[in-house]
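Each of the next two complexes has subunit A plus one more chain, namely subunit B in the first and subunit C in the second.
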Partner chain A sequence: MAPRCRRYPLPLPRSSTGSGSRRFSFSPVDSSSAAESGVAGSTSRALHSGVAWYAGIRGKFYEGKQSSDFYKWGSGLSLGGVRHARVASMAAVGAKFEAKPEDCIEVSVDGKDVTIAKGMTVLQACEVAGVDIPRFCYHPRLSIAGNCRMCLVEVEKTPKPVASCAMPALPGMKIKTTTPLVKKAREGVMEFLLINHPLDCPICDQGGECDLQDQSMVYGSDRGRFIEAKRSVVDKNLGPLVKTVMTRCIQCTRCVRFASEIAGVQDLGVLGRGGAEEIGTYVERLMVSELSGNVIDICPVGALTAKPSAFTARSWELKSTESIDVSDAIGANIRIDSRGPEVMRILPRLNEEVNEEWISDKARFAYDGLKRQRLNEPLIRSADGQLEPVSWARALKTVAEAALKVNPDQMAAIAGKLSDAEAMMALKDLMNRLGCERLWVEGNGEDTVADLRSNYLVNSTIAGLENTDACLLVGTELRIEAPLLNHRLRKAVRNLRAKVGVVGPETELHFKAEHLGNNAEVLASIAEGKHPFAQTLSKAKFPSIVVGSGVLQRSDKEAVLAAVQTISQNANVIRDDWNGYNFVLLNAAQAAGLDLGFVPGSRATVGDKSSIKFLYLLGADDLTPEDIPVDAFVVYQGHHGDRSAYRADVILPGVAYSEKEGTFENTEGRTQQTSPAVPTVGDARDDWKIIRALSELAGVKLPYDTLNGVRARMLAVAPNLFRVDELEPATPLPKESLPEVKAKLESSPFKRAIENFYMTDPISRASKTMAQSTAAFSRS
Partner chain B sequence: MAWRSKLSQSLRELRIHMCQTSVASKATREFVVKNYKDLKTLNPRLPILIRECSGIQPRLWARYDYGVERSIPLDGLSEPEINAKLEELVETAPQSKTPMHA
Partner chain C sequence: MALSLARAAFNAIREKGVGGALRSAKEQGYLAALLDGNLANEKFRFDGQLIGTDDFGNEYYEKTTGVQHGRHRWVVYKDRTYNASSIPPEWHGWLHHITDRTAEQLEGLKPRRYGIEHTRNRTGEGEQYIYHAKGHALNPNKRDWKRYQEWIPAE
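Up next, the complex of A and B:
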């Protein structure tokens, strides 16, 4: 049995291969080694530059070809589209991608000669040669510890076996991985690791997907010689998300390095020496990070496991479905593991361009909310104020009749945070056909201008933000609003010493950032060039601005955005080869909603809500009952009986993201699709189908009745939503082409867009785990 | 060009599809760069959705009252011709059909 690391399932899933991994791939025949070495990017800086530049050599070989061909070649997978703009920006971003053949060295692995970049380790050289080296402590995204000793190999003319993960490969090195010495060394290391490892695999949640279990089968001895008592370690309390069984820990220190290097919290450490060595927080405290759940994935044994799913499932009885996370606007690639009708857990998938291999705790643990508070049958509010179950036909007829009674000017439709593009498309068409123009998506504000895509997307791309060397955050708490984007910015601060200035609410970002103030005056003074940070930005090579979509809720949003535009012009943030103007959205539905033009049409009423007589809520829960007029007829279509469902006159049960095939666009403009992992609940129906059925009863039949039909319609509205797994870059208009803004800045401070990271949408509000996390980690 | 200020009277939404790089979309891109400011200033509340997507045919979409839509392909047209097509979409706006509402 070949050992398989569960983080990098081979072969790579179709959509989980970002161009990053293609960029760094080495062998056109062996996609497995390409995947493994592909993630070798960010270990240490020396390694990083070595690998990146080796990719440059590869690029050189193929520069005569079309750039998209170069991408295709790496993993042997078709990308299907063109990414000229992305390629151009990458070429601009780095001289590091230029080829320098003299920096190549040749080594031999088991008699096979391979060419690698200078600075790569022996272990990476073996990967290039397609030889698998067992390892526990080595992780391509973390610094090198070299303490598990599992990766020992023999190098000719060295007296002892060497730890390949920590040994730089030198020219002419002859590496041997199949000799009796190596076999004996691995067996010995494994025996020592198992001395103090409990034999509790049958009751361990990691059982079946455990690196130690797998590797002991392949490299270990067939019997143990240890008969003394094993050591035991007191479990640590890391909060409601991560369960610890510290006796199982093999002190690989991956979690310690993850915490300090990726999450940016310095809480975990190694205590004691020798047999008394243990991982802990010294004084009892929780590890407070939005990314803390990832330590579960990087732990090679069962020491850190998921607390909410403890003892609920075995890995081999789960069905995996590749999908997209909707808990924020990043669109992290996830794998939904289900058993029968139940979602058992959610794990990240590899996508270098979006989430690398991390996901936020909300994405990982809010799934138990999918089982609570679900709407499973159509309901109508009866005369006595109670909601009564009715048939679909009657519910839809009631809605249609109510809609036709109302003047179109007195109608409104709001799409909620988790709405998919298909449902929003259908709802927009339906409302437009009824004559209603008053539409908006939660988080976008009620009268946002959606004309230019470059104004509301992360133009540097999520991965591209790593290249910035000066960044201004405006009105955003990036760590809470988009933890994975914050992580990218953190990389820029760590690797490039990027300077970060914050105008907005003061928040711990887990990296060094200068808080410039929380009012519009600071913004104005940067725009006028009076503030020292204006110089910092204009001196930077790749300056960037990150604006939080919380500013859309401000009454002076036009003035704020105009000030940001001025700053971006003064600092040359938008150039042909680099666009550092980034607008960060909060919710999964926002980008697609803006692209589809789910905004008020011309001559629509805006602002005053008291005139609304018919309100269609597509999973929208942000309006308080006071905002909704008493005499309005409210339709709530959604999957959870959340806030607004209590005000609804008719409830139409829709489906959650884990149950449907829906299109979502993330905050950088990447179109991705979810796939159904579990069956729908009760009598619930796909959201767009409900709206399609309703349109027929309302006498304005929509011209599509298949999912492909809706998508073809999306092609006529926002064609980029038809290009799944692709990023269509947005071209900014020059300043001369933009209308003048006359609005004035107000002095009010920027408000927090998210009060509680753990509960932002109907699913996470229904989740018990998220409630526990709120209690344990919340800032108030 | 008085018809331009009538845009938001006859249209509910204007969409312009084009490719970021292709030759076929070049005139459309130029049209947007030159005319967006004027159109938006005259019609501040009209959504003028500029949607870029690689390799697509440049096209002008107009949405009128009650979800009625019309579109005109723009490949091969020069910038003044695009302007004329837009005027055509405005001038030939369909009569608002009587709402079915009571």
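Up next, the complex of A and C:
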């Protein structure tokens, strides 16, 4: 199939005698058809110009492949673009284009008049017109550097070509992008860039998805004139995640700007000038940030690539599956790239409301844990204490018999951090039918009340936290618990000069924050209005409070939450137009578990674990061996042989998030679904199916046989879990309806909820990369 | 040659008796050489000077005077199944007049980091010596589609 991408006439053959015949000339596609051939429609493109450059450029280059499932980057982004066009106008991506008519100006791009907002650059004007401008250094989420010069265009009445990314568009400007001058300028810039770029595409990990490779094919000359020696640059050590081949660097400084503007670490910088210019870390330092992996994505060439997946796969042999990350409660949108039965890498997917285009390092690099320590067959502990492989029928029968022998009061079920809503629904139904009400989700604590939905969600929404101008963090290390939410708060600090106060463990948040203390007295004094930060909060236009779910592990959690409620009342945090009360969850399973009522029932005993005789662990690994009574019958259903598997009497192999279609709810109440990217391992089965089969053997058959059946049941319990990709906001309740709290604040300091960011769940604990990261970046 | 062979046999019989001489002849490979003309040609040549022995037991002889040029160095193979690749590279050079230094003198030349022990070519000596690609049905370590490592419950 002939590519429909824009072609520029190739240069004349050197031997041409000037007859004017061009052997390989193609006439440029006219701009209207170029706009249509873009992935997003013209309306959403205009609204969503920030994405347009990616979707447009990628879409054009790979149009031939896009219809198949082969190349998903372009189509994935374009889906995001269409779906989130509504939000794009809200978020500060690229150009804000929700302007009043008097704030608009008109410019002409290639003879086509377009209306754009004041303050947009020439490059953004071209995007609105549907014209793609090649670029390397410009990135819509970073500041403008203007140093690659690839985006040169001609503007009428200017003597020289202008760098369109750095030039503001002015009324009546006549921009030309298809003139011989522009073509020559692009060719010249490309030739300069290629002077010191090595010709190692065949051994480069970026090969096939490289901006320089793609753009040199379209905009570059067919030959170079450089015959001198190329320069070489010493590689830098950025730790176990990011591999550097600095000779390939074209000095676009995107990584430097990302580090200082998005990640908030000042570790990367530019050294030297001219031919001696290099990106480096000044002194031998690693780049310590939870978001460091994103520099791999923004690097337009192969200078920064992923170290764990180096030399393992080529971009065109991978199958991409759009999925959801479960390593934290943010629910970042990811794309799982797999080859055969193996996950080869994980990349972010665009979702302005959740993760923009970033993901945390744990989400990106913990995938090698999916291949290690897997449970692949049912195991039963035999009389001599050894675990032995058995058939599914025997394993399930053993569990059913053990469950029926025990009094329902002595049973308990715990859902782990990575449990999907379907499995939790099935497990809750099974345990309830057996008469057991003692259920909880790891991280939620054993006696959590799930009555008020607004009490356990990020009510401002993740994207909405960017708008806050004063924020109080209570008992949370936001950078470690939810790096992407921390990034949103960082944006608020950068853009709105938001004042942030921290009550809790002292942590570097990578932005300016005032540490108020780490004890409940500080909280009490803010609640009483004595502390100066109380005034800061009440004076703020959009005040917010972020409470970490580590608070739930405290014995005085009711008093702490009551104090936070008082602060929010005093500072008017919850209003009709703004709800700044945010409760940050730690794990992917927590929100859905609370919505489904996976909490202890009214008849359940709470606290004393010594009475438990039958314990069902759905991938739950946080109980210490001392917590589990010696005579308890422990069933472990999960995908990794992690801590609890050693204590289990029966092991039922389930599937990991990359292998199942599971529903997850993130910490702001957004329902999202994972999709299976790779097949299940060995004899493992879908989690809800295991529980459904078990229910039949236990004589309490659950009334659903299909995934849709389970979801119909979920629809009855928590309707929002049925509305995928939608945010279900919680209605805040008036103060009068809140129960009165008599508990007193204790003086103990707030503890850290997460000791090691890189190892929090069974997958990341099995991951070698995460172990290396722990060794390299640990904070001790 | 025939004279020296007879003298050597006579001496051996006088020392050890007929049975003992036959036994030691077998141990030293003389009886095997009787069945293999190539081997016998070198084995029953007693006028050379032993220059050295390699790790496999092959003996290297030299006679500098009174021989046709080019036939003054020879090897007596230890093994009954031998071929040219039985000779390790360090002796190959000496035997083929590439160098006059013997293996002992060349000892330092073997690369320490990646040098491996010499093995002779085993072609035709059995199924186990045949190379099979990673996906070949006869490769005992044939790759399959399993790309995970299962948990092994250790105590």
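Keep in mind that, in the parts below, the second predicted complex is superposed on the first by the 681 of 780 C-alpha atoms of A that agree within 3 Å, B and C clash if a C-alpha of one lies under 4 Å from a C-alpha of the other, contacts with A are read in each partner's own complex, and residues count from 1 in each chain.
FYI, a contact is a pair of C-beta atoms (placed from the backbone, for glycine too) under 8 Å apart; a residue touches a chain by one contact, two chains touch by 3 or more.
Source: prediction; values computed, not measured.
By the touch definition at the top of the document, which applies to A:Gln373: first (subunit B), second (subunit C), both, or neither?
A:Gln373 sits against subunit C, while subunit B stays out of touch.
Could you look at A:Ile612 and tell me whether it touches subunit B, subunit C, both or neither (first, second, both, neither)?
In the superposition, A:Ile612 contacts neither subunit B nor subunit C.
May I ask you to decide whether A:Asp595 touches subunit B, subunit C, both, or neither, giving the answer as first, second, both or neither?
First partner only, subunit B.
Is A:Pro729 in contact with subunit B, with subunit C, with both, or with neither (first, second, both, neither)?
A:Pro729 contacts subunit B only, not subunit C.
Go through the superposed model and pick first if A:Gly435 touches only subunit B, second if only subunit C, both, or neither.
first
Using the superposition described at the top, determine whether subunit B or subunit C touches more residues of subunit A.
Of the two chains, more subunit A residues are contacted by B.
So in the complex, the part of subunit A that touches subunit B is made up of which residues?
Touch list, subunit A to subunit B: 81-82, 84-85, 404-408, 429, 432-435, 437, 449-453, 595, 597, 599-604, 699-700, 716-720, 722-723, 728-731, 733-734, 736-740.
Can you list the residues on subunit A that touch subunit C in the complex?
Interface residues on subunit A, with respect to subunit C: 340-342, 370-377, 379, 386-387, 640-641, 645-646, 681-682.
Once bound in the complex, which stretches of subunit C touch subunit A?
It comes out as residues 145-153.
Can you list the subunit B residues touching subunit A in their complex?
Interface residues on subunit B, with respect to subunit A: 7-9, 11-13, 15, 17, 20-21, 29, 32-34, 36-37, 40-41, 43-56, 61, 63, 65-67, 69, 71, 99-102.
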